[in-house]
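Okay, got some structures for you below.
Next come two complexes built around subunit A: one with subunit B, the other with subunit C.
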Partner chain A sequence: MIVPIGPIHPALKEPIRLKLHTEGERVVKAEIEYGYVHRGIEKIIEGQTWQKGIYLSERVCGICSYEHTQTFAETIEQISDVDVPVRAQFLRVITNELDRIQSHFLANSTFFKSMDHETLFMHVLELREYAMDSIELLTGNRVNMGWNVVGGVRMDADERHFKPILENLDKIEESFDRVRALFAEGPALALRCKGIGVMSKKEAIKGRAVGPIGRASGVKEDYRIGHYTYDDYFDFKVIRRNEGDNYARTLTRFDEIPESISLVRQAIENIPKGEVRTPANLKSGYAMRRNEAPRGEVTYMIETNGNLIKNISIRTPSIGNMDSCAKYMIRDVPTVADAVSTYASCDPCVACAERVAITNEHGKTAIKGFDEVI
Partner chain B sequence: MSSLMWYIYDFARKAWADAFTNAHTSSEIAEKPERFRDFPKVNKEYCIGCGACTVSCPSPNAIKIVRDEDTEEGEGLTYPVINPSACIRCGFCAEVCPTDPKTLECGLNHLILPEFNIIPSKRQFIVDDYLCIKCKKCMKQCPVDAINIVNDKLVVDQLKCISCGECLDVCPVNGAMKGVFVENLQAQKDLILLCVNYLEDYINNKEEDLRALQIDGLLQYDVPLSEIWDKALKIIPDEEIALEIITNAVNRLKIRVIDWDKDKCKKCQLCIPDCPTKCISFDEGEDTIVRDKDRCLRCSICYQTCPFSVIKYFIAKFSLEDGKIIHTTVKASNLNENIFME
Partner chain C sequence: MLNAIKDVVRKSSIHVCIVNCGGCNGCDVECVALLSPRYDLEQYGIYVHNNPREADVLLLTGAVTEQWVDNLKRVYDKAPEPKIAVAVGNCPQSGDVFAQEGGHVHAPASDFIPVAAAIPGCPPRPSEILEAILAVGPQAIADRGREMK
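After this line comes the complex of A and B, so read on.
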């Protein structure tokens, strides 16, 4: 029997159709149909100037919108040979890591909500609010920050911003260990997570899983290693686990949060003085850049003609993660409720996954996977 | 009935409590953060309806210019309306708004002043349909295939163009391919106006030559450019750009000159009702006919109307040689002759 979930359903944050093939209570196979929130942002950006394009690229993803502007700006900087001032690079790291903290907290709280554990859901969202306050204090807005411009960041920050951010981080660290222990060592949650939705390392590579989802299965990919700012000025540890189940994915995200907090602390301690912006003139050319967003790698390919953006192609992490979730994670899951929580554990973001829509003479046809796109 | 009484009592009690405690709505309680990037504010009364905000907006459907209905008191206002669900709060509309004080305001947190320019390229290449002979040399020369044929016309695709300027070099027709400098349009207009005024004054000062000119006769002058060159460099400091703009302007310029011999005039006033801009009038105090030069279109209707050939009409053409001397040719019009022949 096929159990359809969605496109509108209380368990889903965004519209998507999840088809679960069941044998009795056991879920043996899952399919995902995309195509409900395709907006065609690349087509809107084509033919615009870079000043306009950076604001549109922010709208690709709702939760991890920051990394999109940074990758867009770095791609244009690579085309135009612009050197970003070191102070601006440090400010970018602070915002990027605060964004990662809030995104991981939100993903974990959604996972607890899908398991019907509302207490932990509320506790985690309470911690997330400190990160959101810090972002609001630094950039002025909570989600779509508009913080990056080509050649640096929009505004300078000083001690009256850094001090409250450090206080907020202290508050997160105070109760972080307790919340993590509630999940990792408590019997109620751990029993429902361990051994559910297992994806091996080979399957993760085959299904192109990236970010915390890939790293929970043993893939060692983190594009912060290789990024010029992180390589030159920062020390951090890449979190990896080998189990590849719901428990490992949630715990990987939990363990990355202290690393991000330490990165923010390092940046605030060592931030140099100087300019935060250099003027940029767009040259013609082609460049490709990839960066580590909270959910995995974001890739931008941009072609310019010295005047306008000629061609742009965006690849977001969620499409690989969601596709490998349907193919490998929900393959032998005991109950339908576990299938839904497995889907939530892969941190799906439908709006940024829908980068292409295929239409024929009968109207729109849904895409059933990554392979059809390539 | 009792429930209705209870409802009125409860309503009155709440209203009293609100007034007593000075309660506010939620939007007034919430504080905006210090660096908040807000939606632009619209001040309707200053809008001139130029549409610059809609051109600069990156988001589709975010900003629209509407016009209120006319009332008995006067015309309806024209002003922009912002759709909050599509607006992405970039602040470009407020940046480009030309009115003073601004119609669209967004505060200081957007900080886009040094970088915003709608067209960042210095030069834009455009084909003039009227002059183009479709030899397709530019198409063969273009390194990025930016020139295409659309509806039997050559069109430059601005998305592909890299502003190399090779099409301009190979074009055999003077003026068919234009390289327009888009940076300082107002300064360019001032420079062209300076050239035109200088040439027109020069010809108007040669009254005696013009009156002696026969039909089918030609007058030729060599006007030196050096007299306005210093003034031109004050408007546009770059010598190459200034010379190119003057060359383009002068080579395609055609000035019509109207000469008015007041001694011959019989004051018949036939020309006054025919003038389309009403620039000719009769001054009763001094008993003469007065022509306002600034409003005159040089349409030649007065020249065709005048039965005593008081008014004469000439056409002047120019070409710039070596960037120093403007060759000027003045020719008398023979429009009137043809009319009398009929």
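After this line comes the complex of A and C, so read on.
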């Protein structure tokens, strides 16, 4: 029997259709139907200036909106050989890590909501608000920050911003261990998470799972390693686990939060004085950059014609994660309820995933999944 | 008499369904933030369960993409009367940045279903969304209920 879930469903926060093939209560196979939020963002960016492009790239995805603008700016900077001032690089790290903290909290809270554990859902969302406060304090906005420009960041920050941010981080750390222990050691939750939705390392690589979802299965890629700012000035540990089940994915995200908090602290402690923005002399050319968004690797390929963007291609992490979720994680879960929580555990972000439309020879437009594009 | 009782009851129990008809999900995360203990939506008698069949208020986000042209009306029809739709963010009102050459959107949402109130912003703050639901929700639902008679 096929159980359709979505596009509007109590357990989903974005429109997508899950088709679960079931035998009795057991789910044997799952399919994902995309296409509900395709807006044609890449086509709009073509022929625009970077000022308009960076505004649009922020609206690819609302949850990890920050990393999109940073990667966009870095790609244009790479084309034009612009050296970003060190102070601006540090400010980018602060915002990036605060964004990662709030995104991981949101992903975990959605997972708890999908398991109907209201207490943890509330606790985690409460902690997330402190990260949102810090972001609003620094950039002026809660979600779409508009913080990056080509050549640096929009404005300078000082002690008036850093002190409340550090206080907010203290508040997060105060309750963090208790909330993490509630999940990691609570008997009821662990029983429903351990051994459900298992994806091996081999399958994660085959399904192109990236970010915390891949790292929970033992994949070691983290694109913060290899990024010039992180390599030169920062110290952090890449969190990896080997189980590859719902428990491991949630715990990987939980364990990355203290690392991000420590990165923000390092950045605020060692931030050098100086400019935050250099004038950029735009050149024409092509460049590709990849960065680690909260959900995994984001790739931008941009070709410019001096002032205007000729061609842009964006690859987001969610499509690989959601596809490997449908293929490998939901393949053999015991109940339909577990299938929904497994889907929530892969941190799906539908708005990210849907940008590819393919027109066939008859002029019919179809929106394709990841496998058909590669 | 019965109508008066219904109005009073409806004022303190609003069921909300978030319908993302093709946006960047920035507005959706702000709606989720409303559930957090800081804003605590449920103290006002508002309950979010994302099921159109039980909803009094449909929160529309996003710029009405190709797939939603037919489906939006269908989802709206599934909600029991009296019901209202509230547009959250710029997208359902104007299409925001997506309504330009190359974009695949069919904004505004009011072309497809009646929209009772709109909250501008990209995205609006959670407090603004809450304020709007509380300000227009009970009265608009009651009005709609009388209209349907």
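Keep this in mind: the second predicted complex is superposed on the first by the 362 of 374 C-alpha atoms of A that agree within 3 Å, B and C clash if a C-alpha of one lies under 4 Å from a C-alpha of the other, contacts with A are read in each partner's own complex, and residues count from 1 in each chain.
In this section, a residue touches a chain if its C-beta (ideal position, glycine included) is under 8 Å from a C-beta of that chain, and two chains touch if they have at least 3 such contacts.
As the structure is a prediction and not an experimental result, all values here were calculated from the model.
Using the contact criterion defined above for the overlaid structures, shared-chain residue A:H227 touches neither subunit B nor subunit C, since it reaches no partner. Looking at the shared chain after the overlay, A:R87 reaches neither subunit B nor subunit C. Of the two partner chains, both subunit B and subunit C are touched by A:I44. With both structures placed on the common chain, the touch criterion links A:L308 to subunit B but leaves subunit C unconnected. By the touch criterion defined above, A:N144 lies against subunit B and subunit C together after alignment on the C-alpha atoms of chain A. Contacts of A:L282 after superposition: subunit B is touched, whereas subunit C is not reached. Once the two structures are superposed, subunit B and subunit C can be ranked by residues of subunit A touched, with C on top.
In the superposed pair of complexes, A:M132 makes contact with subunit C only, with no contact to subunit B. By the document's definition of touching, of the two partners only subunit B reaches A:R154; subunit C does not. In the superposition on chain A, A:Y55 makes contact with both subunit B and subunit C.
In the three-chain superposition model, subunit A touches both subunit B and subunit C at residues 44, 46, 55-56, 59, 144. Those residues of subunit A that touch subunit C in the complex are listed here as 7-15, 35-41, 43-44, 46, 55-56, 59-63, 65, 106, 109-110, 121-122, 125-126, 128-129, 132, 142-144, 349-351, 357. By the touch criterion stated above, subunit A contacts subunit B in their complex at residues 44, 46-49, 51-53, 55-56, 58-59, 136-141, 144, 146, 149-150, 154-155, 277, 279-282, 284, 305-308, 310. Only residues 33-37, 58-60, 88-90, 92, 109-112, 114-121, 144, 158-163 of subunit B touch subunit A when the two sit together in their complex. Contact residues on subunit C toward subunit A in their complex (touch as defined above): 17-30, 32-33, 35-38, 49-52, 62-63, 65-68, 71, 75, 96-98, 100-105, 122-123, 125.
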